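In the two complexes below, chain A is the common chain; its partner is chain B in one and chain C in the other.
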Partner chain A sequence: MKRSYKLGCIALAAFFMSAYPLVASKFYTYMLIEIMIFATLAVSYFLLLGHTGLLSVGHAAYFGVGVYCTALSLIHLPNLPVPVAMLVGTLCGLVAGLAIGALLLRLSRIYFTFSTLAFSQMLWAIAWKARSVTGGDDGLSGWSSRQISLPIFGSFGLGNLTFLYYFVAVIAVMSIIACWLFTRTPLGNTLSSVKSNMQRVDFMGININAAKLMVFSFSAMIAALAGSLFVLFKKMASPDFIDMFLSFDVVVMNVIGGYTSFVGPIVGSVVYVFLVEYLSSFIERWQLVLGAFFVCLLLYYPGGVIGVFNQVANRIVRPMRVEE
Partner chain B sequence: MMPPILKLTNVTKDFGFRVIDNVSLDIIEGERHALIGPNGAGKSTLFNLITGRYHVSKGTIRFKEKRIDGLPPYKVIRLGIARSFQIINLFKDRTVFQNMRTAVVAKHRLGLVCSRLLGRMVTLAAETEYLLDRLSLLPFKDEIAGILDYGQQRALEIGLTIALDPELVLLDEPGAGLTPSETKEVVKLIREITAKKTLVVIEHDMDVVFDLADRISVLNRGRLIACETPDEIKKNSAVKEAYLGNLFDA
Partner chain C sequence: MENTLSMIPILVLHGLVYGMLVFLVASGLTLVLGMMDILNFAHASIYMIGAFICYQVTVWTNNFWLALLVAPVACAFLGIFIERTLIRKIHASGHVRELLVTFGLAMIITELVKMIYGTTALPVAVPGSLTGSVRLWGDVRYPDYRLFILILSGIVLAFMAYLLKRTRLGVSIRACVQDGEMASALGTNVTLVTATVMGIGSWLAGIAGVIVAPYLSVYSGMFADMINDCFAVVAVGGLGSLGGALIAALLVGQIQSFGVIYLPSVSLILIYLLMVLVFIIRPTGLFGKKE
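And then the complex of A and B:
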């Protein structure tokens, strides 16, 4: 795609996102906030699966760490500014990523995959059972009246949906840009080389485990940041935000969008949230329809929505080039 | 006499059966050394032992007097050894440029610190292009490595090895699968880019071996049966019997 087209698309998206809460209903503003948070989570997962080739099925663990650590900071430290509570949640995600990654990344393939699930379920069990700390199945709440104070912009309550939209949008976009930069640096190049040919990377003098730990913990940190945004958005913390179904949802978002393209997870999260919202309002057993859609996509379009888009674009652009 | 850059002492490798049997070998700094022998003699296994892919069962391997047996491959490579593979081993789904840049980033040992790497992106790109130019691969820099023709893939394979700027270069059958004209090009390339380096090459093409090597070692059934100059090897009866036959008989 030409640079001018790309810049045009970015400018259009920026305009759309800026104007959106001013014209959209509360329902759709709410939906787009959810999409932005899930897009951040899905992109953080892309760094693992799409970029480095690490199939984790426990990514909700880091999202959940962000959720609970931010929530606990907000509850137990009432004078702590909300952004600092988010920072605490994000850093806890980074630490969890480093600790769990250091243990699990020496495992390979299916052993790694299932141990990520095991760790995720351990954290879910803590969230579920440690009632005195996490509130158990009731979860945590009690910060909906908190204000976010920002220099220049002033103070806004978490109940102000328009403000919350812009707040989430700025952080989500910055996080996604950070992930994109991560993939574009020579380090990102090295990490995708790990996915392409691990043995060759090893014989280039690169410590593969250190490289994988770096991407794993960075990805966990971004997932935790998404979790801390989710806490502000939902105004509660629940074991549902750390369970294995959310981990699978993240995988599904990546696959629906196209997990080999950076844009894929973003598109996947848009499609996924829309599908869930609409299907669940019309069909009682909406999971069946979603499952069928997922299977069909895997069978016929394994490249996901981005793969379909690229196929169509090639069919249109190629004849035009030939004519030129 | 200079101490050897690489010293193998009584190196033995067992996989339930003995693959390398008590091999002792000195590689002198700056020499071009060829390792020859019939298929299954243990030549590639020896490379795998030197570079840490396999661990020795007995014996020691020293590089510049530092013991390297037991080290993982990435640590061995960081000491100044690089190897190519018998079966071409590239990042086949990535572009030629991305392949080479991975090696250039690895060479500079910038660690994994993003800020340091970010600051050097421009110089890394320039160095990558310079190396591709030396390999005559610059016009193909945006091509996916897996769709290059075989000779170009082989050149890139050697290029990835040399890009690390090692002191000791191990090339495993660089001429395998190439046409005679491609082989000539590759030999020329090897000469150019391994100048002032120590080279150990495994090769079955005797024209290449006798053209390149200062000394030749011969392995047979895991045992080192000779380590001599090319002229001496041609006359060595044990080598003739095990591998060369009457190839050099007038």
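And then the complex of A and C:
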């Protein structure tokens, strides 16, 4: 693709994103906020599965750590500015990722997958059982009237949807770009070679476990950041935000979009949120349809939406090139 | 004080019952894992289906024993069907997709169950001949049905041990777990053995589903409840090791039954703590193969 064409696309997307809440209804603004948060989460998961080839089935754990740590600091420290509370949540996610990663990454493939599930379930059990701290299944709430004050723009309430949209958009886009840059660093290259041939990377004298630990904790941190955004958006925290099924949803988003390319999880989260929204309004058991869709995609179109798009594009573009 | 002391044997028995149930489900999982390197998420769904078939059969015929015969066989066929159609088809394309497919399958089965039976817990009556209780000593009594679970799972365990150690099929299975390629080169029909193991594993999961039905009732969350303990057992015991799974299952059972009484606030976490402990000491589980 030509450089100017690429820049044009980016400018168009930026224009669309910034004009969106002024045009769209409240419902669709809500939806796009949700999509952006899930896209951040899905991209952070892409770093593990798509980029490094680490299959984790407990990614909700770090999202949940972000949710609960941000919520707790919002509740117990009323004078703490909201962005600092988000930072606390994000750093807690980083610490959780470092601790769990240090323990799990030395395990071999299937053991690793097992244990990621176990750890996320352990954190879920804590959120569910430690009623005095986390509120159990009632969850936490009580910060819907908090204000976010920014240096130039002044202060806004969390109830202000348009403001919340821009706030989430800036942070989500920035963290997705951070993830993309991460894949472009030498460390990112090392990790993608770990995916294709781990033994060979090992023979080259690279410390694989250290590299994996870095991507694992970075991914956990981005997931926790998405969690802290989600707390501001939903204005509550509940064990649903940390349970097994959210981990599965993250995997589903990656598979729908196609977990082999960076754009995949973003497209996947868009499709996922739309599917859930529309299926659940038409069919009572929408999860069944979603599950069947998921399995069919895996069986017949493992590349996901992006894979299908590339196939179609190749078919259209190739004949044109021949004519030239 | 005397009260708590006399509770201990009861708790040990409770733990044994639960441990054996988890073992029945986990044994199939660990065998298939050791053999085909497949982490079959849908295995716990088969256990749930066994329980629901049991519910359906008892509703229609009011006969628990018939359910105990029919449901595990149906589960075995379902397991073989899943292996033949889905897992085999995708086996060549790598671990990630394989795991994701079985996971999607588990999702579909859970939703189907919710669609047909709703989300409330459905009771299954304990069969008439087992409703009483046995006097152990003094005035300590223990329900017949739980003892029946213990005895039945003991019989199944003995049968499995016989099958694996004393029959030709058992030799083939153990050979395939150890080194599938070599076993195939020496003339074992690995495809057939794999399907058989999948069938036996699903049959065991079906038995567990049936006998758990009167004990814990039948509900759509059974999958999620079982899969954690089951995975913990397989991982702690070591992939592919049946003996390891047995020991881990008994450990998990005891932790569960004592944890709920003595440490109720952290009981859910204890099993994961056990996992962490084992992984720190032995990264491949208690009896796992070194990679």
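In this section, the second predicted complex is superposed on the first by the 324 of 324 C-alpha atoms of A that agree within 3 Å, B and C clash if a C-alpha of one lies under 4 Å from a C-alpha of the other, contacts with A are read in each partner's own complex, and residues count from 1 in each chain.
To be clear about the criterion, contacts are C-beta pairs under 8 Å (C-beta built on N, C-alpha and C of every residue); 3 or more make two chains touch, one makes a residue touch a chain.
Nothing here was measured: the structure is a model prediction, and the numbers come from that model.
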Problem - Touching partner for A:Asn189 - first (chain B), second (chain C), both, neither - result: first
Handout entry: Partner chain(s) touched by A:Leu48 [first = chain B, second = chain C, both, neither]
Key = neither
Exercise for the section: Quick one: classify A:Lys129 as touching chain B (first), chain C (second), both or neither. Expected result: second
Practice task
Based on the superposed arrangement, let me know which partner A:Val231 touches: chain B (first), chain C (second), both, or neither?
Solution key: neither
Problem - Residue contacts with chain A in the superposition, chain B compared against chain C - result: C
Practice task
Give one of first, second, both or neither to describe whether A:Asn207 is in contact with chain B, with chain C, with both, or with none.
Solution key: first
Handout entry: Contacting residues of chain A [partner chain B, same complex]
Key = 182, 185-187, 189-190, 192-193, 196-197, 199-208, 210-211, 214
Completion exercise
In the complex, the residues of chain A that touch chain C are 49, 53, 55, 57, 103-104, 106-111, 113-115, 117-119, 121-122, 125-126, 128-130, 244, 248, 251, 255, 259, 285, 287-288, 290-292, 294-295, 298-299, 302
Handout entry: chain A-touching residues of chain B, taken from the complex the two chains share
Key = 51, 72-75, 77-78, 82-83, 89-94, 98, 101-103, 105-107, 109-110, 112, 114, 117-118, 120-121, 124, 160, 164
Handout entry: Contact set on chain C toward chain A in their complex
Key = 33, 37, 39, 86, 89-90, 93, 95-97, 99-101, 103-105, 107-108, 111-112, 114-115, 224, 228, 231-232, 234-235, 239, 265-266, 268-269, 272, 275-276, 279-280, 283-285, 288, 291
